[in-house]
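Just so it is clear, A, B, C, D and E label the chains in written order, and each chain counts residues from 1 on its own.
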Amino acid sequence: MAGNGEEPRYFLIWFILFVLTMAEVGYAFLALPQWLLATGLILMALWKALLVAIYYMHLKWEPKRLWILAASPLPLAVILVIAVLTEF
Amino acid sequence: MRDLFGCGRAMVMATAAVFAIACGGGGGGEAGGGMEEEAAGEEMASPVDMATAGGINAMVMFEGMAPEMDAIDMASEPNCAARYTDTPMAEEVVVGDGGGLANVFVYVREGLDAGMSFPTPGGAVVMDQVGCRYVPRVVGVQAGQDLTFRNSDGLPHNINASPSENRGFNISQPVNMDTNRNFPLAEVMVPVRCDVHGWMSAYVGVLDHPFHGVTAMDGSADLGMLPPGDYVVEAWHERYGTQTASVTVTTGETAMVSFSFSEAMAANAVVPMGEPIDPHGHGAHALGPETH
Amino acid sequence: MSQPAASTADRHPMPGMMVYNVKLGMWIFLLSEVMFFTALIGSYIILRFAHPDHFAEPGAVLNVPLTAFNTFVLICSSVSMVKAYAAITQGDQKGLKFWLLVTILLGTFFVGVQVYEYIILAQEGFVPMAELYGVAHEIEGAALYGATFYTMTGFHGTHVTIGILCMWFVLYRAWQGKYSANNYGGVEIMGLYWHFVDLVWIILFTIVYLI
Amino acid sequence: MDAHAHAHEMPWIRRYIFSTDHKIIAIQFLLMSLFFLVVGGLLAAMIRWQLGFPSEPMPGGMLLPDEMMAPTPAGAIMLPEFYNSLVTMHGTIMIFFAIMPLLVGVFGNLLIPLQIGADDMAFPRLNMASFWMAFPAGLLMLASFAVEGGAAGAGWTSYAPLSASGEYTGVYLGQQLWLISLTILGFASLAGAVNYITTIINMRAPGMTWFRMPLATWALFITAILILLAIPILAGALIMLLFDQTIGTGFFLPASDGEPLLWQHLFWFFGHPEVYILILPAMGITSDVLANGARKPVFGYHAMVLAIVSIAFLSWIVWGHHMFQSGMNPMLGTTFMITTMVIAVPSAIKVFNWLGTIYKGNIHLHTPMLHALGFVSMFIIGGLSGVFMASTPVDVYIHDTYFIVAHIHYVLFGGSLFAIFAGVTFWYPKMFGRLMNEKWGKIHFWLTLILYNLVFWPMHSIGIQGHMRRIYDPTQYEFLQPLQPINQFITVCVFALVAVQAIYALNFIISIWKGKKAGNNPWHANSLEWTVPSPPPHGNFELVPIVYRGPYEYSAPDVEEDYWLQDTPPPSETAAPALEPQPVAD
Amino acid sequence: MSWMLPESFSTFGPDVDFLYYAILVVTGIVFVITEALLVYFVIRYRRRDGQKATYIHGSTKAEIIWTTVPFIAVLGLAFISIPSWNMMKNPDSVPADALDYIINAKQFEWEITYAGTDGVTGTADDISTINIMHVPVNQAVNITLRSEDVLHSFFLPEMRVKQDAVPGMDITVWFEATAAGAYPIGCAELCGNLHTTMGGTLNVYEAAEFEAWVASQSADADDADDQEDQ
């Protein structure tokens, strides 16, 4: 990444993360149905997580195959949780 | 010699870090001290001067009609059932012909001189398993004294003791055999059961002195020879709870102490289990006959 | 590994991820960390789904404002970490040391706040032990809440602590001048680990504190 | 080479004890896991004594402490709690400390750098750390026999709540040591997996494309991915169970509304990939050896790779078949039945391809080849008996019976262990520079094959009669009493089977000093490890090898010999390409 | 040493046994063919010096065949298994007229409670027995399986019934015996030190006998149990 010219705007990302955190805390205490709260919060959390992964962990500048590698355990996590949840 | 409280051995076998976690989790860490006392106790003579000692005899009577016990359904263990000509009955309350209440654990609860300690008896107390029952059903042992569990049935039993002060154990006896265990700390009582035969249960009283006994069919129990003085004696029954009485021992005399239980007491009886007993000193317990 | 002569290399391409070993190794290690936190967070989700009555409303037991602030601290430490990395890729030794130190301080502050939070919660009767849960005080929720909360946040905190220790090591190496614009692998993988821990916290904060 | 010379100047302890050389680490893993294999075998013999002759005094039992073998006037009788510990520890030790380190630790370390043309692992020090975590973990596991309450006794699956609280079994410390030991072993496995994956992705020699890698390396690569993603799940579960045991949380204890089934789900989500961790490398080894023995390319190389990859993928979505009778949602059971049935397909593909490999071959029946053929024939049985369990209604009947025991042993003993014998014999020269004795190798093979089948084949039969597994005394059940002669027959055969392994042990030990010198390529094989001396020097390759073809070009018409090394330039290439000496990384 | 299942005495028997034998035949054929080929190839293509093996890398056609044929075969086996599985384990399949039982498993006993004449569990006329279960023949019984401590597994080999008992869960088990007699009950999940002793007996009575048994239990609940059972 030393070679890709200008430095990414790290502080902009930081600011977005900050705003999203605030938004999450605010949203969590709104009087909304549980499923809507959960979905919104998870979406925001995933958004934040993606920002960290893409910019701070530099996935944006990595080869595609590293993307695939990095994403590989996620389906397994989803399979495990969803399958076991059907039990209850 | 295999110690029941194996944290010391674990330290040798495992790493120190593991030791810390494991012993903490096992919950038997402090019990290790009991072993040293026992080792020291073996060289000690009894501190009771027989020339001045006096005895205590307890008599426990049952008032009223003895409650009818349930039949034990031994159908699931035909080998045991075959040993009985009559239907075996539960033994929670056993009343003798003379009205004596058996299987009551009577012991000196308070009043021994501070600093008085007693050697651990060398002989073992035997608790047999015959016909899928514990014989005797209630025993008293001294802390550290061997308690031999005997399987005379020739079929699998397990002995699941769940004390509060001591470390519990859960051992199996697949065939006729003896297994020795001991409890290093005093507590009244330790429940013992067999998980294979749900009706089998027994109780062990553990004290760090020898002044205890279990009533026979006539309701009597001999607590042994004690130094003269004032004592508090407690009687414990698995269904009716406890009663205490104070008694004065004088040289050369046998003091009598009597208790009586009745079915009415079963309703609100508090049956102590795993209570630590410190027999030294007075005052913690109110004197006089008392029903819990 | 040195390359064979160019003509041979053309015909026999050198395979690989085109990512140097240490970095690839760190990424692979982080995949296993994903699965580890999957086990912990997954168990939490499942237990909560099965026994909703064990878990209190958000904010009822846990201190959300304090933790939101703490989340912000961790996010700040991520940006300072990435600044340290950016500095060394430009050969800026001073910047590297400065930002590493800032990251360490922020990380330590985060752990400190968490310990403080634990102490307060434990005093209120919010403990992992099933038998002791809420014995001293009447607090909402039940045993599974304490057990899952402390396990998840505790393991995250352990990761942060390990990260701080490693960061001291990186700082020590930076002080010795071991890193340069051409050799910054140590800083980069440190950063990867640190951002990953931050990422896990982002998920944990949402799932444990807010939902 | 400077680095090479430097290696020999290192003190003895750095060269052989705390070595970072992948070949030394492989040998360390080999010695460790063979030791645990012996321990596991002895535990099995004791288990069989009790099953064959329940509650009869065991010969030599008096040597063991009273908590294990109760003294009676007739002799020492095995106690049920010790029997449970034996069952648990036999499974645990064999799976985690024998088969897994043998397949992954030994062959992974030995073969991966050699077969892809690398000088060492990507992270040699991490590699060393991996062994030095695994070995103490094993010792800790063994130490648990000596603690109060004995070793863990809840089965190798340690189902909660039996494992979650000592009050159910009287085992406290032993269960905790079990959990701690496996957690440490998990770290060791992870260190290995990170190393293997990085090495295979990044350190292949020029020309070593994905589809020129030997199948052993392929299998080890996929296995490492399974380890990487499965072990952390186990670690998480182990830690939660350890907290239940020690600090009193209630993840798996119903008393505090914990979920016993959650443990089973987590355990088997790890456990089923684990099953394939234990068989995939064996399949890879078998493919290498079969092609070599048949002097013929592996039939359907690409299909073999695809089969490995699809097994790895499917292994994540079949874990529920261990739990059909566990109270799992029946709908989920149906789903898992279908996925489980499907996972039989890639295994079938592999079997057919192995048959295709020896078809029209020129079969050299050397000892490794015999073991590889043994693997194939036994794996067929183990694979087919798996179909019975996959069918949920049949599983209702045979679940937790000896049929399962037979199945697991046909896969793990008949499968993995035969492949291990094949692999150790085949690559023995690359570890010790000499060959093992062929005659004794063959005697050992035939005796093992026969006795092994005498032991495990009848277990299918008693399983079908309803013989439950893990019962201490089958004669307690009247309907099992007629099966007792079979049990006794099995027991006698087990003793013989264990005894016969002494042949292998002696052959192994004696050959280290007395074996025939091997030379570079004793089996006339193709892959890169056979281009270097036996044992290869520190740093493996003098020059970076250049790979021109796949690893199975046996009997190619273009060349005179029936083998064609991967780095031999094709005939058209008249002059060898200019190469620079390869610096050995420290 | 036999591959034959012991005779079954419940309505599940024919289904399970059919599936078992179907799989036995299919796998048996595959087993014989593959092992025979293996042995044949080893002998037929054994080493001949001075001769090279045939240089073949594979055959796409063969791969396709031996991928699709096993695929279809195993999916077929899966699909014919589904109805029986649903019948055995799905709580909705329990016949409406089934007699209610509660089985409470604990170390190391089966405590079996029959709902009694009123057909409702938890009432005074419940009949409890230890390790011995009494059921009428040709009558479905609906068991609520529970556990007090650890996992157990309720195993009736002749009835082709097996179900783990999980503490904290109520699991429905049902079966219908088709012949009177005494059958073993086993515990198939390691449940502690004396797991091995956790056996019992299933007594299947003709309808009239069963009524007599119920009557005898209700009439003299106190002491009649074991004389009756012996």
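Following the convention adopted for this analysis, a residue touches a chain if its C-beta (ideal position, glycine included) is under 8 Å from a C-beta of that chain, and two chains touch if they have at least 3 such contacts.
Because the structure is predicted, anything quoted here is derived from the model rather than measured.
Trainee: From chain A, count the fewest steps through touching chains until chain E is reached.
Mentor: 2
Trainee: In this assembly, which chains make contact with chain C and also with chain D?
Mentor: A
Trainee: Please state, in steps, how far chain C lies from chain B along the shortest route of touching chains.
Mentor: 2
Trainee: Quick one: point me to the chain whose Cα centre is farthest from that of chain B.
Mentor: A
Trainee: Measuring from the mean of all protein Cα atoms shown, which chain centre lies nearest?
Mentor: Ranked by how close its C-alpha centre lies to the overall one, first comes D.
Trainee: Tell me the chain pair with the top count of C-beta pairs in contact.
Mentor: Result of the pairwise contact count: D-E comes out on top.
Trainee: How many angstrom lie between the CA centroids of chain A and chain D, rounded to a whole number?
Mentor: Measuring from centre to centre gives 38 Å for this pair.
Trainee: Determine the centre-to-centre distance between chain A and chain C, using the mean Cα coordinates as centres, and give it in whole Å.
Mentor: Averaging C-alpha atoms per chain gives centres 14 Å apart.
Trainee: How far is the middle of chain B from the middle of chain D, if each middle is the mean of its Cα atoms, in Å?
Mentor: The separation of the two C-alpha centroids amounts to 52 Å.
Trainee: I'd like the Å distance between the centres of chain A and chain B, where a centre is the mean of that chain's Cα atoms.
Mentor: Result: the chain centres lie 63 Å from each other.
Trainee: Please set out, as single numbers or ranges, the residues of chain E touching at least two other chains.
Mentor: Touching at least two other chains: 107, 192-194, 196-197.
Trainee: So which bits of chain C are touching at least two other chains?
Mentor: Those would be 17, 19, 24, 28, 31, 34-35, 38, 42, 46, 50.
Trainee: Name the residues of chain D that each touch 2 or more other chains.
Mentor: Each of 79-81, 168-170, 229, 233, 247, 257, 259, 261-262, 265, 472-473, 476 in chain D touches at least two other chains.
Trainee: Touching pairs of chains, all of them, please.
Mentor: Per the contact definition above, the touching pairs are A-C, A-D, B-D, B-E, C-D, D-E.
Trainee: Write out the stretch or stretches of chain B touching chain D in their complex.
Mentor: 2-7, 9-10, 13-15, 18, 21-28, 156, 158, 162, 168-177, 179
Trainee: Residues of chain D touching chain C in their complex?
Mentor: 118-119, 122-123, 126, 190, 193-195, 197-198, 201-204, 206-210, 228-233, 235-237, 239-240, 243, 247-251, 253, 255-259, 262, 265-266, 544, 546-548, 577-580, 582-583, 585
Trainee: Under the stated contact criterion, what part of chain A meets chain D in this complex?
Mentor: Residues in contact with chain D: 72-73, 76, 79-80, 83-84, 86-87.
Trainee: Could you please specify the touching residues of chain A with respect to chain C in the complex?
Mentor: On the chain A side, the touching residues are 1-2, 7, 10-11, 13-14, 17-18, 21-22, 24-25, 28-29, 37-38, 41-42, 44-45, 48-49, 52-53, 55-57, 62-63, 65-66, 69-70, 72-74, 76-77, 80-81, 84-85, 87-88.
Trainee: Show which residues of chain E lie in contact with chain B when the two form their complex.
Mentor: It is residues 106-109, 111, 129-132, 192-194, 196-197, 200, 222-223, 225-230 of chain E that touch chain B.
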